[in-house]
Structures are given as structure tokens and as C-alpha cells.
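Next, two complexes with chain A in common: one pairs it with chain B, the other with chain C.
Now for the complex of A and B:
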């Protein structure tokens, strides 16, 4: 399933509409996360006069949560955790995975052996199970969350990068460059890396989605972001009693996750049309 | 062929042992030890020492790990720190419940997904196909708890067709329907979304081959071409994909059991994480990893069985 190909030459290509829609929605959420203090009508921790689980009104557009705080403001600030933390984790995973993968492809045999066996071992642990073990062992704090999300996705990113780099490493132009006497540094940065950017970026997009889903699930179980802070998963959980009366406070944060992940998926599919979404 | 399978199985066993050692190290890194967790902060030195001795905590770590491993091989997974009950006893009935949930989901999801995947491949690029694929992308992009929560809001709160909480009661068809419909549907959605896409891809790969073109030129009916010519050749990849997409269950079941308060193994593990009951967490994690790897092995088995090149190597 790991469709590995050398990047196509850069051509002027029109992005499909779905990719634009995806990019726009993801971009909007990024702006919301960045500008949260300006975008939010209330302080996310402030308890309003309406009381808990109040319905939508002019002061609280989406109603209030289980303590009487503004749901809209909390969703806006939650974007910082969901978007920010998952993005950092995916960046760390992709960068580390790519570096190790390329090193394994061009480096010594024993290094490749050790790295690949370790990756195989890590991949045999279901992500949520791994996350539960880590939270049980180290408690739940933002650094632990970041570290566990990143480590969860390094082995997958490593495999993609290694497979792509091995393919490129075997091509004639790399062999010629090697015969010319170019050093490893040149080979990696001028010959291999530019040609495996597409699979790595596609993979990064998918890791980003997975990280969002994993972190939200963990927070939903009460084991992720801890109060008073809340990401969208935690917001869904803390208001779950309001499901009968103020269902907006549950649906909106959960739906926010859906819009973000689907929009990223649409953007990736548009950029790297074939096989991009088949990587596990 | 047997050799290849044995090799894979052996590798899986070794990985499992490596994972158990990894979990063990993670637990060792904990500040304080199990005796602290059991006794709490205010405990006398003697009580601590006595408990440490009975729990073998005074032994060096590698020896303790060997103890645990030897016990695990005999089915003794240690004792829960919180409830002081044998872990094996705690897990037993919970595992049955989770397997029941997973089994029902498989029975619903796999045939449905394969049917959807085949029809999507046959009517490739039709509106039906595109709608199916968009739904599939949407379903895998959305967290399971959103699906579960929406299912509760829609079918338990608004329509009142099913209870919001599920008991592991499959004694009569009626109680089975009321207890399992929502959790199974939630779990099945993720599996169906993945498997439909993979089935479609596998079948399309075969439908593009020359012998299908030949069959078409001979004037065979479409249904015969698909069912008798294409499908047998795509069966291997599809079976492989089915085993792989079922591994999505291992994450989904954790969320679903918590949302529906279902007394399964995953709920047990989440509760154990909240109380930091390490022996219990370790045992549950091992069961999940073993299940995950078993599905991987089954997927391998299908590809080996249906690929003569692998089968005769």
C-alpha cells in the first residue's frame, strides 16, 4: 500500500476545487488558533451569568457549558491545543522519521537493521494503547502529550521516508553523482531529499490528521489535555452531560474536529491526487 | 510456505516479549513504586517493606521482569494493585465481552464493506462511486467519539430507539438488538470506510487487466465478468485488507466501550489508567498488542495463500 514514487517534475497544475475548499477551511482554523484572544467574545475561563448549559443567546452564541462558560470562546481557544499540539507533533514525527529514514537508506547496514526492527516493534502497538500506557506511566501534561503523539507517528513516517529514499538512492542519477565523488551530505540534500518531498509531505498531512484524532480521543477519555485547559476532545467530554439539554456544547467541538480533519484530507487529496489516502 | 508463516509468528512472539519489556521499563521509570500506589502517602516503613517483599519489589528489575514473564507464560498476569484481584480473573469475562462486540462488528462490517467496494468498483466514477468514496473519507477522518456521540443524540436521546448505555447481554435477539446496535454500528463505520476503499482499489486493479478486456470482448455479461473472472483474482488482496482494516477496531473499541459504558476489556484498561493500576494496564496492553499482531498475521496468511510466488518459496 505504500505507494512510493519519485516526485513528478513540477508542472503548472490547477488544483481541484475540493483542495481549495480544504485549504480554506484548514487555513481558517489556523487563523482562529493564532488569533484566539481577539476572536473569542469572552475569556474562556469566565463564568457567565446565564448559568450552566444555557441555550444560545446574544451574549453566548453557542450557549454555555457545564460550568456556565461561553462555549464559542472555549472552542476558539481549544483550536490552539487541537491544531497547535497536533501540528507540532506531526512536524516532529515527520522530520525525525524522514531524517532517520534517509539515514537508514544511505547509511550502514546495521543502522538500517536496528532502526527498521525498532520501527516494526513500535508499529505492532495500537496507537491508543501506546498512548494509554504512556499516560499511565508519565501522567498527562502537554510535553508528555506532544512526546507521545510524536513517537506514535515516527515509525510510520520513517518507513515511508526510508522506502522512498531507497528507491531514489538506486536511480542512475544518484549513482552517477556518487561515482562523480560527491559526498553523502550533497547526495542527501541535493539529490535524494528534493525527490522524496512529495511522499514525505503527503505522509505529513496524514500524520497530522492521525495526531488530531488520537489527541482528541485521548482528551475525550479524560487522559489528554487537563482542565482548566481544554482541546476539542476535552470540550466534548466535559459537556457530555449536556447532551440531552444543550447538545450544541457537545456537537460543536466534536464537529470542529471533523471539519479540520476532513479539510486537511481534501487538501492532501488535491495536491497529491493518486494513492495519497491509501497509506496506513 | 509453512516456514514463512512460522517465521512471521515467531517474529510476532518476539515483538510481544519486547513490548512487554518496554512497558516494564516504562513502569520502572515511574516515581515511587507499586507499594506507594497501594499504601498511599502516609504509610509506615514496616508496612512498605512487607508489601515490597510480597510484591517482589525488593528484587532487582531484570529478575522481577523474568518473574512476570514466567508467570505470564503460565497464565498468571499478577495481581491488581487497586482491587487486589488476580489480573487474569479480572480480564477473563471482560475479554469475552469485547470479543463479542468485535465479532458482531466483523460479521456486520466485512460483508457490507466488500459489497459496497465491489459495486463502487464496477460503477467506477459514477455518482454512486464518488458519493461512497467521499463518505468513506469523511468517516475515517472523523473521531469515533463524534460518531458515537451523534449516534447517542440521534437514536437514544431524540428517537429513543436504543438505550444510551449498553449491557453485554446477548441472551435474546431483542436484548442483543437493543444493546449492540449502536456500539456495533459506530465501530463498523470505521471498518467499512477503510475496507470499502481497499476493496474498490483491489478490484479495479484486476478489472484493468487484459484478460478482463478479453472476457468483455467475448461478450460475457458484466455480472459474470465481475463475479467469476475478476473477484477470485482480487480475493487475496481483499481478505488481506479485511484483516488489516479490522485492526481499526482496537482503537475504536476503546472509545465505544467508554461512551456506551460497555463492560469490556478496553473500558477496564481506561479505568486502570485512571487509577494507575500498572499490572492490569500491562496485561490489557499485551492483549491488545497480541490481537493487533494476530490480525497482521492473518493478513499475511491471506497474501501468502493467494500468491503462488510466496506460497512456493
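Now for the complex of A and C:
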């Protein structure tokens, strides 16, 4: 008999330290993104007097970029794009993917067939290639970026949700609800969804990280967020010359991408990995 | 070569959530003489498996042996280190697990897995293989030379269970531990496996510890029985003495529950007068995987009166659960009609009206998976009332306590999650949910299969009460012939998707039964210790099935396993369901004289045993 994985009611247990560190860093970046206008010492577009690639000083804590703008302020405003856009895209991808995945598991076989083959088709296209084609076709704007990030990750989220939902769908309580005559909507949202929240949320965290990385890559290629706005990927790109003068303007946005993705990863691992104390 | 076991003041503790050790086995002492078979018996949670595993120096994660000693031969198992335990396990002490299907690796051939322990400990492959073949023969496995070349999924469950016993016997262990080895098997298969086990243990003179919850099975196997309850020993004694004159109150209770489960004529209520049939099935067929898929039900014709209980029995795979799925509409019919109150029901779920769905409710086997772990008992029970009767959620919630009382549960349980209920409580909630719809027909699919004897008995009593008090018609599906015989008014015996016998429950004691009913009835172990010896097993299912395979679409589906089968007669046409002298319907071409004559020869002793 195959084991059906149904998440047990969550017991209260202590989160490991790594999860707390991850949560704190990710939370800090979220606050920075939200409070950018108050947190930034300068207007991100204002050119300061220090000149380009200036080193750290009291007016510009992290120095200036290739046009002499304040690096700290630009990184703080860049958080809005990187964090916000990736979060929205991951939310859209996970929600759509989960809804379609559960519907495929519950629904008719032909619906499942069409959905799954379409998803397979999308998964076989490398994400960056897909993004490049989309940008080439529609140009680069925030709505296009959001749409392409979301569609890139829907198939993966769909796969995870469908696989989890199929297990739950085979259990007796779903069969009984079905025999009672319940509609698809009830089956999906009341019977199945509460039992597969854990894998879906974990998957969402991973999609979030992938979205940050894909968007940063696009912006680094100059195809993402367009000047004068800049996300962290674009900041790294536009200040690439500074690498020869040891300017902080390259390393800071790159480090920001690193800290955010790693901290989210640590938080997810801590939440959903079995606690060490449970394995004796 | 065999050695005894001496367990002295054994305490096994589990560490609780606050770090406090808590004893799950308390002060257990017993001896097993060399060559003796001791049974450990008790309900789930009584610590019988924990003790059995401790004999190999093993405790499950979180448990440890707190004090006491376990001696196997001259060796104190509790004092051994890991290396010494590895040398001991599988060589001096072997273990036969409950589910052979889970214990075998599906990717390797049987023979490689059976001889593995021997080969690892230095025996050559050829010698080990030869020995395995001898063991296969001892265990009455068909075609011992070639059986080993098969993969685990290519042999039946009973054969697999015997193969795992062969694996355990390979290294000629001093002690062998059987942990519920026949619990997962059908009764007919169980008989063969028990037979093989007992002969093997006797012939090899092995000391054995047999763990089981079934008194009747233990009565066949054990020289002595140790009764356990909540981790402490209630009583230990010779099998015949203990069964006849138990000394502890708990053992008496167990025996009483067992006797209650066995049929007596006084318990069966007088069958109600003829009423209009509530549910009628006419020539219903059903397939899995579309119209041209695997046939699962064939030509089912039956009817059910209001306020009666129909028992459906058969081995696994006989189509019992499929019948439940067809009645509820989850599996559409391929042919035939189902009528409820004279009105034809649509074959599929979508085409039935809400009220039609409401009137047929299903209670499924495993209470663990039947209740959504994410909801509270209250919301689980309220939903059918909201859905069918259009109540508001708050109005439905007000009815929940009354519903819980109806299934004899404390109304305070309403706020719990299913994970916080015991198995028996879950099954009652499961039942209450079906009752919330106020059904006319209640289908109970193996509702007692996962429960202990005493708890299962309480559930069937509750069903009986409901049937009498509210006039619900109940279809009680079970593989447990004894329980069905006790509770049901009428019985349908199913084999290979067909009803082979449909008669009053009382008629099962008549000699006019289908041969398959006979086989089922005679396969149920009784408390008599000589039952297995008396049972003439010339119709071992596996061997018979290997020998004569009938074209099932043409002949009688039971042809291959039937004692009375007549080639050229039984394998030509599907026999019709015909009424016999007692008013029962039987699907067999043999006329009544043939029946009576052959039964007087072959099954009279079985009859006597069953009712002895």
C-alpha cells in the first residue's frame, strides 16, 4: 500500500536558529522595500557633488555610482523592484499553478491531460530563453516583466500542486465528499487545499527565489527594469565599470541579491524540514 | 539446537514530551522452553510487538529497555553491543513481519532475498539455494524449484507470507518471532499459511514466539499463551487450560467478546415480515477503466428491504467494495438498473439528484483516512446537514451534540480534530456523518476491519441498534464471515464480482450452501486447539488455482477452486442464480442431490468444527 501523505496538524515546536536568521534578514529587506522613501537618505535619481565612483563618505555612506548618485539610496529603492516584483510574480505563479493543479487532480481526465501536456511543454523551454523571447516581442515594461516571471513559474507550481492533490484526492474523505454530491469548488478549497498547504507554501518560497534570480539576470542583461529606475540586477550592470576601482556600487547590489535569496531559503528550510529533535 | 527464552522483570520505557520516561511495558517475566511455541496476545497498544522486538535487542525510536533481562539461550540480549546484536539477528533469532508485501524488495527475485542472510554469513550460493528449495517444499509452496525465480509481485499474498517464513528459517535460527503474520490475509489463505507455519516450526523444532490479536489463530499455533494488556502480563498458561478456564478478568472479557462475535441463533432477531423492497438491483454490471475495461461486477441482482441488514462477504478482490461504489454512484454502472423506492437511479453520480444522493450514504473502512484531518469533528458533521438540508452553519452546529449522542460519543468531542480521536471514536464520527444526511440506506464498507475485537463489537452493536430504532436499511460489507453471520439478516456471498449465494443468514448453517460459502465458513479458525488438525485441506486454494484455470468468461467463476467441480459441466456455462429448497439463491449448476451427497462426505467434519 502506498503511503498517503497528509500533513498532520502542526505541532508547536521551536524553529531552528537558521530559520530565525533567515526570517530576520528577509523581514529587514521587506521593511526596506516598504519604507524606501523614508529610509533612503537621498533621492535615487539625484546626482551628488562627489562625482562618479566616489568612496564611502558621510554624505554617501556606500559611495556613489557611475553617474555620481548615492548607492545606498539606489539599493534601497531597488529593493522595491526586486522584492516587490518577484513577490507578486511568485504569488501569481503559485496561486494560479495551485488552482490549476488541484483542478486537474480533481477534474476530468481530458482536462488533466491538456493541462499536464501544456505544462510539460512550458517546462521544456529554458526560463531565460522564454524571457528573452517575451521581451523581444513585447518590449520591456513592468507589466510585461511581471507576466513573464509569473508564466515562467506556473508550470512548476502546477506540477507540485497536482502531485500533492492527487494523493489527497484518492483518500476516503474526498471520495465520501464526492459521493455526497459536493461540487468541485468545495472539494478543492475545503477538502483538498487545507491538506496540501505545506508543499505549496514551500514551493512558493522556492519560486520567489527563482523569480528574484531570473529578474536580476534579465536586468543584468539590460532587458529588465529600464533606467532611470533600477532593480538590483540593473544596479550591478550599470556600475560594472566600478569593478576596476573597487567601488562599492557593484558589490552592494550583488550582495543584496545574495542575502535576500539565501535568507528566504534558510527560512523555508527551517519551517518545513523535520525538526532535529523529532528524529531520535 | 533450539534454545529457550527467559525474560525477567522487563521494563521498556518511552521518553515523554517533557523528558519523563514512561513505562510502556511493565514488569513482564516469562519463559519459553526450547522447541515451545508461546503466543503473545492482546489488543493494539498492549505492548506485544514491543516485547517481541525486544527479544532481538531492538526497540523502536524513542523507546529503551529500562531494566530487566532477556536471555535467549545463554546470551543476555540486553547486554550486547551493536556488533553482537547484528551477529545475533537473522542467525540465532529471526523475525517474520506482518506484511510480507512490504517486507520484500519488489526489484529483486525472491530467491536472492530469501538466501541473502545465509550468503552473507558465509554459506555458498548453491548450498543456500538448495536449502531454500527444501524450505519451500516444507512450507507447501507450489513448484519450489522455480518459485524463487519470480518477483514478489508475481506470487500471491499467502505465498509471499510463506516465502518470508522461509527467509527467516534459512539460517536455522534457534528462535523465530512471528509478528501477526496472517492478519493481512484472507481467511482461506490464512488457513494455508497457518498450516505451513505450524508444520515448519514442528519439523525444525524451533522455539517460536507468535504475536497476534486473534485468539482463535493463536489456539492453533501455540503451546502456551501469554495475555498482555497495557504493557503488563495478565496471565500466562497452557493454551487448552487458558481457553477453558481463564483466571484473569481481562482474559475472560476477551473470550466473551470472542464468543459474542461467534453466531448464536438466539441473538439473531426474528426476520421482519415481507415489506416493499427499498433498494433493487437488476443485472448490474460495472467495469473499471471505461466500458471495455476490467469487469468488476457481473450480473448483480438483489433487493434490500427497509429496516433490514444485508451482509456482503467475500475475499479481497471479490467486488464487495466495488458494489458500494456502484450503489453510491461513484463508479457508474455499465449495464442494468438500480432502483431506490421503485424509482430508477441514474448510473452515475452527476446524473443523480441531491435527494437521491442523500438517501444512500457510505461509511468507509479506514476511519483514519475517512475524516479530513484539517477539519474539526463539528465541521465534519455539520457539512452534510448544510449540504442536504439547507441549514445554516450555525443551525447545523446545534444539531451536532445530538448526533454525537446518537452514536454514543461525548458531545464534548465536537471541537477535536480527527487526529485527537481513538480508532473507535473516529469510526463513530464517520458513522455519525453518514447519519447526519438521514439516509434510507447506509453502506458500511469493512467498518470494523481496522478495529480491535472489543471495539469492533461495540460498533456492530451500535449499527444493529440504529437499524432497529430508525428503520435504516444497512448493507454491511465485510471479509469477516463470523461478524456478518452474527449481525446480518440476509447474506450475499460474492466471488469474482458475482453473487454466488444470497440467502437468509440462518440458512448458512444449512448444508445447502454454495461450495465457496462452505470454503469461507470452514476457513474461520475456532477456539478449539485441534481445529487446524481436523480440517481436511485437500482444496488448498493456490494449488487448485495453479492446476485448473477455467475460462472465467464461460464457466463458473469458482470452477478453478471448487471441490465439487465437474469438468465438461461447470466450465461450459455461467450457472444462473437459482432458488433452492430453503428459499436461498445459489449460483451453482450442481443439483441438490449432488450437494447433499458430496457435503456429507467432505464437509461434515468442518461443520462440526465450526459450531463446536
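Just so we're on the same page, the second predicted complex is superposed on the first by the 266 of 280 C-alpha atoms of A that agree within 3 Å, B and C clash if a C-alpha of one lies under 4 Å from a C-alpha of the other, contacts with A are read in each partner's own complex, and residues count from 1 in each chain.
By our rule, a residue touches a chain if its C-beta (ideal position, glycine included) is under 8 Å from a C-beta of that chain, and two chains touch if they have at least 3 such contacts.
Remember, predicted model here, so these are calculated numbers, not experimental data.
Colleague: For A:228 in the superposed arrangement: first (chain B), second (chain C), both or neither?
Modeller: Neither: A:228 stays clear of chain B and chain C.
Colleague: On the superposed three-chain arrangement, identify whether chain B or chain C touches more chain A residues.
Modeller: Of chain B and chain C, more residues of chain A lie in contact with B.
Colleague: For A:143, select first, second, both or neither according to whether it touches chain B, chain C, the two together, or no partner.
Modeller: In the superposition, A:143 contacts neither chain B nor chain C.
Colleague: Identify the partner contact of A:171: answer first if only chain B is touched, second if only chain C is, both if each is, neither if none is.
Modeller: In the superposition, A:171 contacts chain C only.
Colleague: Should A:182 be classified as contacting the first partner (chain B), the second (chain C), both, or neither?
Modeller: Second partner only, chain C.
Colleague: Touching A:195, do we find chain B (first), chain C (second), both, or neither?
Modeller: second
Colleague: Overlap of the chain B and chain C footprints on chain A, residue-wise?
Modeller: 280
Colleague: Mind listing the chain C positions that touch chain A in their complex?
Modeller: Of all residues in chain C, those touching chain A are 61-62, 102, 328-330, 349, 352, 354, 357-358, 362, 364-366, 369-375, 383-384, 387-388, 417, 419, 433, 437.
Colleague: For the complex, which residues does chain A have touching chain B?
Modeller: The touching residues are 120-121, 124-129, 132-138, 209, 213, 216-217, 220-223, 233, 236, 240, 243-244, 247, 250-251, 254-255, 257-258, 261-262, 264-266, 269, 277-278, 280.
Colleague: For the complex, which residues does chain A have touching chain C?
Modeller: So the residues of chain A in touch with chain C come to 1, 4, 6-9, 171-173, 175-176, 178-182, 190-191, 194-195, 279-280.
Colleague: Write out the stretch or stretches of chain B touching chain A in their complex.
Modeller: 11-12, 15-16, 18-19, 22-23, 26-27, 29-30, 137-138, 141-146, 149-150, 152-153, 157, 197-198, 201, 244, 247, 250-251, 254-255, 258, 269-270, 272-274, 276, 278, 281, 285, 288-289, 292-293, 296
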